[in-house]
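First chain A sits with chain B, and in the next complex the same chain sits with chain C.
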Partner chain A sequence: MVVLRILRYDPAEDGRPAFREYEIDAIPGMTILDALIHIKENVDPSLTFRRSCRSAICGSCAVTANGKNLLACNTQLSDLKKKRIVLEPLPGFPILRDLAVDWGPFFDSYRAIKPYLITKSPSPEKERIQSQEIRKKYDDAAKCIMCSACTSSCPVIWTDGSYLGPAALTKVWRFVADDRDEATEERLALVNNEKGVWRCHTIFRCSDSCPKDIDTAGCLEFLRRMVVWYSLTGRV
Partner chain B sequence: MKEHDVIVVGGGLAGLRAAWKVSDVADTAVISKIHPLRSHTGAAQGGIAASLGNATPDSWEEHMFDTVKGSDYLGDQDVIEVLVKEAPQTIFELEHLGVAFSRTEEGRIAQRAFGGHTKPRACYAADWTGHTLLHTVYEQCVPKTIKFYDEWFALSIAVQDGVCRGVVALEIPTGRIEAFRAKAVIITTGGYGRAFKITSNALANTGDGLNLTLGAGLPLEDVEFVQFHPTGLYRLGILLTEGARGEGGYLINGTGERFLEKYAAEKMELAPRDVISRAEQTEMDEGRGIDGKDFVYLDLRHLGAAKILERLPQTRDLAMSFVGVDPIKDPIPIQPTAHYSMGGIATTITGQVISDEKNTPVAGLYAAGECSCVSMHGANRLGTNSLLDAAMFGRRAADAAIEYLKRAKLMPFPEEVYESAKERVRTIRMANGQESAPKLRHELQETMTQKCGIFRDENRLNECLAKVQELQDRFNRIGIGDRSLAFNTEVIEALETQNMLEFSEIIVYGAIARKESRGAHWRVDYPKRDDQNWLKHTMAFKKDGKIELRYKDVTITKFPPKERGY
Partner chain C sequence: MVKHSGIPYYTKRIAKASLETGTFAHLLHRITGLLLVVYLFLHMGVISFTYLNGQTFDDLMATFSSPLFLVLDLVLFAGAMIHGMNGMRIMLFDMGLFTRRQKLIFWVMMAIAAIAVLAAAYLLGTLEGWW
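On to the complex of A and B.
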């Protein structure tokens, strides 16, 4: 048996979020998401959480379990090695209901960094040529599923919502490292400030919490190096 | 009441491509029940097809023939021709938008082999091709002026006098219901795999778009054709890409043999999905699953760690996370999994929704991607043709809408459509019967998998139909525990279940009527393809609670039907 202690909040009821406990029979292989669905279907239909692909690619089900941000769908109860599991909505974002948070601020940061390939020269008739080496440089960053586990785990975000955060900055790196993109200076200028790369305190919680094993702190570090290099050479 | 020129319902690849295109000339909104980046396009893994010839020489004619043959000759050849001819340009356009394709040594888009394709024409990004396509196209929507209604659930569309007038949708975070008046509506809501128990589909793939059109009295085409993918993770159904076999993976039964020798000696593991899924099911039914159980192995060990890590990283992660198997060291337990909906909302070659078997158009209404049936996949889709379908026909539907907008105007929105949508939600939210909607959904999924699955016969299909109708009846007596308005996912799930009960009845009905075996529809009591009587598309209508089947000719241009062997 495992006890799930879940932070519940319903905006319709006045009051603060409060924990409720559910004792469930943890069958081998059961994921946190399986457990949440089990509770919703059999114990408490009002339990609210997001989910879709249940295969770690859609990014819907990031939650905090025993203090760590992760995806509910690819984490087995047994992975947590505890008989009591505390589930909370991702910190740093307003709660909409129970485990569902308001992603508004997260996607505001995403939109702010121009998260799209910018090209200025005319497109060739066929594909642009890109070496395997360059492609590899942004491979990790392009795998990001925007689940927000990293950004939400960042203590800087908790105190300063204007910081762009690791997910958005990793996205910047994804385009800066891609030689098809022709807006490097523009991008670096966008993050060469106190809301951008200089706000990172290298706490590494972001890399630690990424369910796709992307080294977000590493991407940010590459980005910083580029900002410095471009500043020294007078391009930013 | 909200107003836009164009409303796209669904935020996957087809929908985003449509919105991206149409927003250049019109006030565009996207309604999606989940954030667009959560769409199931992102779960597509192995590739997107085009005869680029980057690996070996290739041509659109070969791509066309493979697709026609793969469809078991039910695909409309005019549609397939457009698709394969425009495919290379579509891929280049996507590459220009920023898709992170893997590269050849020369820096061109890398291509790999895939089932049913005679040439390596799957353009891929490792094994997360759908993810980069979805994210790239969404990213390119950011600088455009598109209004996104994220987490809005579409309840109905308004069609009156042959003209579409808009949509009614529910804002999930607040429970508010709004009418959206529009000149054109493009439905891109994805597939209906969730009607089955073992499925690769996301929990969100409940085929809601099918009910939008059914509710407006419009037909569904060929919905009895449901593809079962041969490599779903055992018991979970989670997809492992066909690219794993494209890279050289083997399928092994309980006696350790590569059993496809008996079923598709030439193409082996790269035969089309319907052929391999039936082979697996036969092996398991005859006691040659692993340890006599209902699974076989996908064996990648001989590919070596380097290739697995470079080209199939997600496949490895999935196997490790969900069944605790590292494919570098051990074979992966797999079974067939309901994967793709060949049928759907009937449309013309431009994506225009039609109201009957004579191709009578519904003005201002379009559909594209998996929810639609144009029909290019016919009775069985080839892997990598679906991303192509979504990317291309999403854009083509937008092109058609742009033409229409030149002469279209906003029409009055029929109040009764709004009122009845509101009433539908209220009835469910306040329901206090004894039945449990999740239980009904499980029973539906169980019965569809058992009785309308890979192998079908009249008896089991009749039982299935009776069961689905019983479930529809029981749905009227469900009880809901959560009366809240805000983020009431119990109500949303009940609405989805109601949708699935509606179209599942039509899947089974069409399957009973189709007395032949073609592509993914296999009748053990009629094990032969019957071109004489059944080389035609099913057009299913539901009016006043009664299903009526009519039929439509298949368009055959270049390749007359012949026997299909692999």
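On to the complex of A and C.
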């Protein structure tokens, strides 16, 4: 028997978010998402949460369980080693309803860093070729599924919502490290301020909460060193 | 709309957050940092007593040589060591070293801080003839 303590919030009822408890029989192998679906189907149909692929690819079901951000679909109830699991919507974002948050701020900062390949040279006849070594350099950053578990777990975001956040900054590193991209100076100038790389406090909550095990804080540190190097050589 | 950023929100969230090593290090860094700032102003205030109260510097130092203040000095030293060693840890990451090993590095740094504090306590005790 596991008790799920879920933060419920209905904007139509005009109240504060409040916890409600659900007791469920945990089957071995049951994930948090399985438990949520079980509650929605059998106990309380009004429970709201996001989910899609159920295989840790879409990044929709990120929630906070016992204070840690994770994907509900690839975390089993037994992984948490607790009989009482507190589920909350991702912190740092406005709550829409129950476990569903408004990802507007997350995607705003994502859009702000121009998350697409920028080229200035004329297109070659076929594709822009890249060596395997260079591809390997940003392998880690390219794994991101944009579940926002990192950005939402960042204590800096909790203080100041205008910080770009680890997910967006990791994406900047992904394009800066890509030798086909030709806007490195522009990208570095974009993050060389107090809303960008310099706001990070190196707390490592981002790396700790990444379901894809990306060294997010490490990517950000790479970016910082590049900003410093480009500043010293007068390019940013 | 429930508020979702700002200092009160940060305080509320960090109190509920899971305490992984990095988060623990962050909290420790903040607390010791505040301690050091408070101490700095206290220090300046106390030193200015020689001017305000007309006490001589030696009088003042005599007060601060009592065992209570010496133990407090050790606490201050421990705070400075924890803050300093964690600062060194973060500088390692800034240089691109050990970001994947940050948890281990934290405990290595804290072990160095603990050894330094123990050594300082031993030195102090020996100088004061406590043992």
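Note that the second predicted complex is superposed on the first by the 236 of 236 C-alpha atoms of A that agree within 3 Å, B and C clash if a C-alpha of one lies under 4 Å from a C-alpha of the other, contacts with A are read in each partner's own complex, and residues count from 1 in each chain.
We adopt the following convention: a residue touches a chain if its C-beta (ideal position, glycine included) is under 8 Å from a C-beta of that chain, and two chains touch if they have at least 3 such contacts.
None of the values given here were measured: they were computed from a predicted structure.
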- prompt: Which holds for A:G161: it touches chain B only (first), chain C only (second), both, or neither?
  reply: second
- prompt: What is the contact status of A:R20 with respect to chain B (first) and chain C (second): first, second, both, or neither?
  reply: neither
Statement: Larger residue footprint on chain A, choosing between chain B and chain C, goes to B
Task: Once the structures are superposed on A, label A:N74 by its partner contacts, choosing first (chain B), second (chain C), both or neither.
output: first
Query: Regarding the shared-chain residue A:T119, is it in contact with chain B (first), chain C (second), both, or neither?
result: first
- prompt: If you stack the two complexes on chain A, which partner ends up touching A:K82: first (chain B), second (chain C), both, or neither?
  reply: neither
Which superposed partner A:T202 touches (first chain B, second chain C, both, neither): second
Of all residues in chain A, those that touch chain B in their complex: 10-12, 29, 40-41, 44-46, 48-60, 74, 96-98, 100, 103, 107, 111, 114-117, 119, 123, 125-132, 135, 138-139, 142-143, 145-146, 175, 178, 180-181
- prompt: Quick one: in the complex, what on chain C touches chain A?
  reply: 1-2, 4-7, 9-10, 13-14, 16-23, 25-26, 90, 93-96, 99-100, 102
Message: Under the definition above, what is the set of chain B residues touching chain A in their complex?
response: 34-35, 37-40, 42-43, 52, 88, 91-92, 95-98, 100-109, 125-126, 128, 131-132, 135-136, 139-140, 142-143, 173, 202-204, 236, 238-239, 314, 317-318, 321-324, 436, 438-439, 480-482, 484-490
Field: Complex contact set, residues of chain A against chain C
entry: 9, 16-17, 66-68, 88, 91-95, 153, 155, 157-161, 201-205, 207-208, 215, 217-218, 221-222, 224-225
